[in-house]
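Here it is, the structure in full.
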C-alpha cells in the first residue's frame, strides 16, 4: 500500500511515487479537506432538518477524493458516483449544485462539460462505462499522447468496492484494457457496500482486479491525501501519454452510515470506526503542518472561519433551491418534444388550472 | 405490510427447505426495507444470502440454484436496479422451462419494491411491471395490503413458475391490517369495493388511491367499483368484465407511464370482450410519458385523488 | 433493404464526422447481416469500431462518447441480445438528457435487427420494440421497405434524441425498391394502401403481410386501408385516427407477443379518441403469449395472411 | 502453457500435472476424438442438405472438449455453450438430442439432470452464472469437501474467448471467487469470436483473468487431449475438495466458420488455419498410438467403421426428427397454464381447424 503521509503526520517516501510538493501546497490540500468535510457535515444537518431528502456522506473519504480530484488537470474529465462531493469541490462545482438531486428539486441538472465533472450516477457502476466511452472519444479527438500538456486528456472514473462486482465495471475494464484507453479507475474501497463488507465482493484485494484485464493496479492509503494525489497523478499522466489505464484502490473507510437512511449499528461494530478514526485523513495533515511546516499562526483559524462561511452558503443556498414548477415535468424528456407528450402537457396544465380554480 | 411480508417469507422458509432468499443486504441488515429482518439470524447464512453487488449475478445464480432443485427468492433492492438483471430474467428465467420442453422448472420469485411516493432519488421509484407482463413465461403480481402481502408472497414462492412480485414500497409502513384466514388464489382479481357507476381497476400502490377516490365520489352520489387486479399477468379478465358489463365504464389506474402500460392492455381486452357494454372509452390515470420526476414533483406526476376524480367526471360525461 | 441501410449509414458517416458506428463484428466482417459492409474499410477503424463482446459495454461506452460530443450508431447483433444492454438503455440513454436538465444530448441510434421468419435458433427472432416504447425518453421506429430504410436511418442518426431503430431482418434481402427522392418525416405514419372497409395498422415486417392480405381481400371486394406506422413511439395518431374515423374498424398487426404490445396501446388510444366512430372493437393479429417458438413452427406463430384475413372476417361481422 | 502431448505425438511431463494414463485409455480418448469429429462433419453435411438450419462446428476443438468432458465424474454437472458437442458425447448424450435446436424442431428440450449436461445456452456467457448458482446449490447440499469420491461434486462451465468480455462471465468470477465455489470455468480460446480476434477482447492471455478475482488460472494446449484432461481433472478435484474455482484456458483454434452461416474469408487468412492444422488434436494422438502404444492392428479401421455407423445414425436420426405439432406452441410456457393462454390456444386450434377445412 502506497503511503506518503502516515497517520501520525510523518512524510514518507515511496520509490515509485516521488512527490515534490511544497508546504503551501499541502496547506492548500488541508484547506480542501476541511472545507469538504464541512460541506458534508452541513448537508447531513440539512437532511435532518428536512431540507434534503437524503445525503450520502463522504466522511472519512476526504483524502481519497481531494487527492484524486487535485490530480486532475483542467481538461481531464471525471465521472463520480453519488458520493464524490470532494471531487466536485476540486472541480470548482458549487456545493449547492450537488444539493438539488438530494433535495429532490432536480435530478442533477448540471452540465458535465462546464467543469468536466459528470452528473452523479446512482446506478452502481454504470458511469465506469461512460468514462471509458468518453476516453474513446478523447482518443478519437487526438487528445492523448501528443506531448502537449494542455491538450493531452485523461478520464477519471470513480466507483466503490461494492461496484467492483458489477458486470458494467468489469466490462469497462475489458474495454479500457483491450483499447489501451486513457482512463483511470479510482475505487474508493471504504470497506462497505451498505451492509456488506468488502469480503462479500472479493477475497483478494481489489487493486489486483485489473491485472487480468491487462493493466496495472495499485493500492494507496485512501486516508493519505498525498499518497492519493501522487498515485492518481501518475496514473493520469500515464493515461494522457497513451500508456493506458490504471486501477487505483484507495483503501479507506466510510465513517458514517451509507446514507442518512442507513443504520450501521445493525451490521458493524462501532469499534471499527474508532480504529479508523486514528487514521483520520485530516488529522494527519494537521499534525504534519503543525509540526513541520511554516504556516501562518492564524492558518487554522482562518480555515475554520472560511468553513463557517461556506457552511452558511450551503445552508442558506439550500433553502433557496426552489421546487420546480409542475409544468416542468415535461421538459427535457426529449430534445424535440413529440406531439403526444405536448398533448399530455396541455391536459396536465388544464387539469392544474381546473384544480386550482 | 413489511411485517406481513416478513412473516410470509418466514413461513415460506419454514415450509420448504429448498427455499433460499438472496439479494443485496438481505442478511445482516434485513434488507434496506427490513423485509427480511431476522431471517438470516434464524435460518442461517446458507438460506438467507448476502450476495455480491450485481443483479445479473443474483438472478443468474438463482437460475442455477433452480436447476439444482432450489427455490430461490431474490430481492432486487429497488425497482430501478432490476435492469442489469433484465437479460437473465427475460432470456433465462422466463424461457428456461419452455426451452427444456417442460423438464426443468424455474420456481423463482423476484421481489421488487416498486413505485414512487417515498421522496427518493432517481431510479428508486420506477414502475417496472409492464416490461415483465409483456414477457411470455413470467407471471407478475402485486399486493396492495398486508393480508395479501402475507399470503401472496407464500403463494408466489410455492408456485412452480417464475413470479415477479412487485411490492408497493410506499405501503411498507402503512397501517397494519388483519390477515385473512385463508389466501385468495394468487392470479385472481378482487372487487375491493362494490359500486354501480364506474369500474376502477388498480393494483399495488394505486388501490388505496382508488379506494380514497371512491369514498369522495360516494359523497357526490357516484359509486365507484374498485377492483384490485392483484395479478397483472395473467389478467383475471372475468372479474373485470363482469364489473364493466354492469357499470359500462372503466378507468385503469397505475403509476407506470401512460403509454404501452397495463392500462392499455386492460382497455384493449375490455373493448374486445365487452364492446357493446361500454358506454364510454376506457380511460387511464397513470404516470406521464416522462422519466420519473425529482421527488418534489412526484405527487404531481403520480395518479392522485384529484386526477382520478377528474377522470371520473370525464367518463361520466359520455 | 440491406443495401439501402448500408447506403444510408455511409451517408451518415460522410455527413457528420462525429458519427461513429460500433458493435460486434461490424468492422471487417461488415456485420453478420453485412449492413455495415465496407464501411470500416472506407472510414477507418476509428469510425467503424469492432467492440468487445458485451452489449452493456457497447451502449455504456456510446453514452460516454455522446457526452464527449460524438453521435454513436450502435449495432446490436440480434434482437435477443439487446437485453444485457437494457440497463444502460433505459436508465442512461433514455434518461441522461432529462437528468442533465437538457444540457447533455444523447444522439445515439441503436440499430436492432428484429423479428422472426428467418428460421433462426432461439433469441434471434424477438420483437423488442414494446419494451422501449414503454420507456420514456426513447423513440422507437421501424422501416418496412428499402426507401424508408435509406432515409429513416439517416434521420435517426441526425436526431438529437436517442432512437431505437428496429430493422425487420427478414426483409434485409427482399426485392430491391426505388429510393424516394426525399424522406418522409421520421415520426410520421404512412398510408401505404388506401381502402374504405377496414384499417390495418402494421410496422416493420408485418407491413408486407398486411399489404398481401389487402390484395387478397380486394379480390373479395373488401378494401383494406394499410397504414405503416413507421414510428411506434411517438405514435402518429392523427394519421391512424383519420383512417379509423372513415373505416370504423381497426386491426393492428405485429409479431410481438399479443399482450401489453403496441396493439394494445393503439387500441386504447383509438378507443379514447374515436369512440363513437368505432363499429367494432380493435382487433389484434400478433404473436402469441409464448416464447418465440422453434423455427419449424414460426410460421404458425407469426401473424400471417390467413390469420389476418380471418380477423378481417371477424371484424366485419360486428 | 501446459502440454502433455506435443503436436508430433510426444508424451511430455509437466511437474504440476502428472498424468497416469494407460495406452488403452489414450486409445479410448482417440476414439472419442474421432467420433465427435465425425458427428460434426455429418451435422455440417446435414445443414448443407437443408436438414439443419444451422450448425456450430467444433472442428479443431475436439481435444479441449474431450479432455474436459472425460475429466468429469458422473455426479459433476456441466454447462455448455452451443458448441460443446464433444462434451455432450462424454456425457452420453445421444448426438441426435443436440440436433433438435439446430433443426428448429425444439429449443433444446433435454433434461439437464439426466446426463448432468445443461441445455445449450445461446446468450453469450449467461450459463457461467447458472453454473455458479448450481455450485452454490452443491455447497448447500453438502456435496463438496466431504472426501467421499462419489458424493463430492464439481461444476464445469464452458465459455469462449469472446464471452470473457461479458459482464455475466465476470460476475460469475466474482461469485465463484468470493464464495469459494466448486466451479471450474473452462474457456475455449479458439482465437475468434465470429470475426473478432481475441485481441479485441483482451491484451493479456485470458487465463490471467481469474487472478484478480482470487482464484488460479491456467493455460493448457487446447489441442492436446491429455493436457486438457489432466488440467481439468486437477481443477475439478480442487473444486470437489472445497479448494475453490479454477479458470482453465484451452488454447485452441476454430478451424471452421463460426457457424454454417459464416464466411471467414472476409476476416481471416486461410494460412492461419493451415498453421493450426499442424497442431491437429487427433493427428498427434494417432501418431502417439501408432508409434508408442501396443494397439490392435485393426484399431484404426475399427474406429473408422464405428464412425461410419455413427454417421448413419446421425443422418437417419436427424431426418426422423419430426416437426412439433402447431398446438405444441402453447406447451410448457408455464408449469400451470393460465386461462388466458388456454383461450389463445383454443382460438388457435379453432382457427387451424377452419383453415384446414
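Every chain is named by a letter (A, B, C and D) in the order it is written, and numbering of its residues begins at 1.
Just so it is clear, a contact is a pair of C-beta atoms (placed from the backbone, for glycine too) under 8 Å apart; a residue touches a chain by one contact, two chains touch by 3 or more.
Remember, predicted model here, so these are calculated numbers, not experimental data.
Common neighbours of chain B and chain D under the contact definition above: A, C.
Seen from the C-alpha centroid of chain B, the farthest chain centroid is that of D.
One inter-chain figure worth recording: chain A and chain C are separated by 40 Å, centre to centre, where each centre is the mean of the chain's CA atoms. One inter-chain figure worth recording: chain A and chain B are separated by 36 Å, centre to centre, where each centre is the mean of the chain's CA atoms.
With each centre defined as the average position of its C-alpha atoms, the distance from chain B to chain C rounds to 30 Å. Each of the following residues of chain C touches two or more other chains: 51-52, 54, 56-57, 80, 83-84, 87, 91, 95, 98-99, 122-123, 136-137, 233, 235, 259, 288-291.
Residue positions of chain D touching 2 or more other chains: 106-108, 123, 165-168, 171, 174, 178, 200-201, 333, 340-341.
Taken as a contact graph, the chains are fully connected, with every chain touching every other chain. Taken together, the chain C residues at the contact with chain A in this complex read 20, 46, 49, 51-52, 54, 56-57, 59-70, 72, 84, 87-88, 91-92, 95-105, 136-137, 139, 159-161, 187, 233-235, 237.
Within the complex, the chain A residues that touch chain D are 164-168, 170-171, 174, 177-178, 180, 199-204, 208-214, 217. Per the touch definition, chain A reaches chain B in the complex via residues 53-54, 82, 100-108, 122-124, 162-163, 165-168, 193-196, 200-201, 261-262, 266-267, 323-324, 326, 328-330, 333, 340-341, 344, 348, 351, 354-355. Considering their complex, residues 56, 80, 83-84, 86-87, 90-91, 94-95, 98-99, 122-123, 130-131, 133-137, 233, 235, 256-257, 259-265, 267-268, 271-272, 275, 280-284, 288-291, 318 of chain C touch chain B. Put simply, chain C touches chain D in their complex at residues 24-25, 27-30, 32, 50-54, 56-57, 80-81, 83-84, 119-124, 258-259, 288-291, 293-298, 300-301, 306-307, 310.
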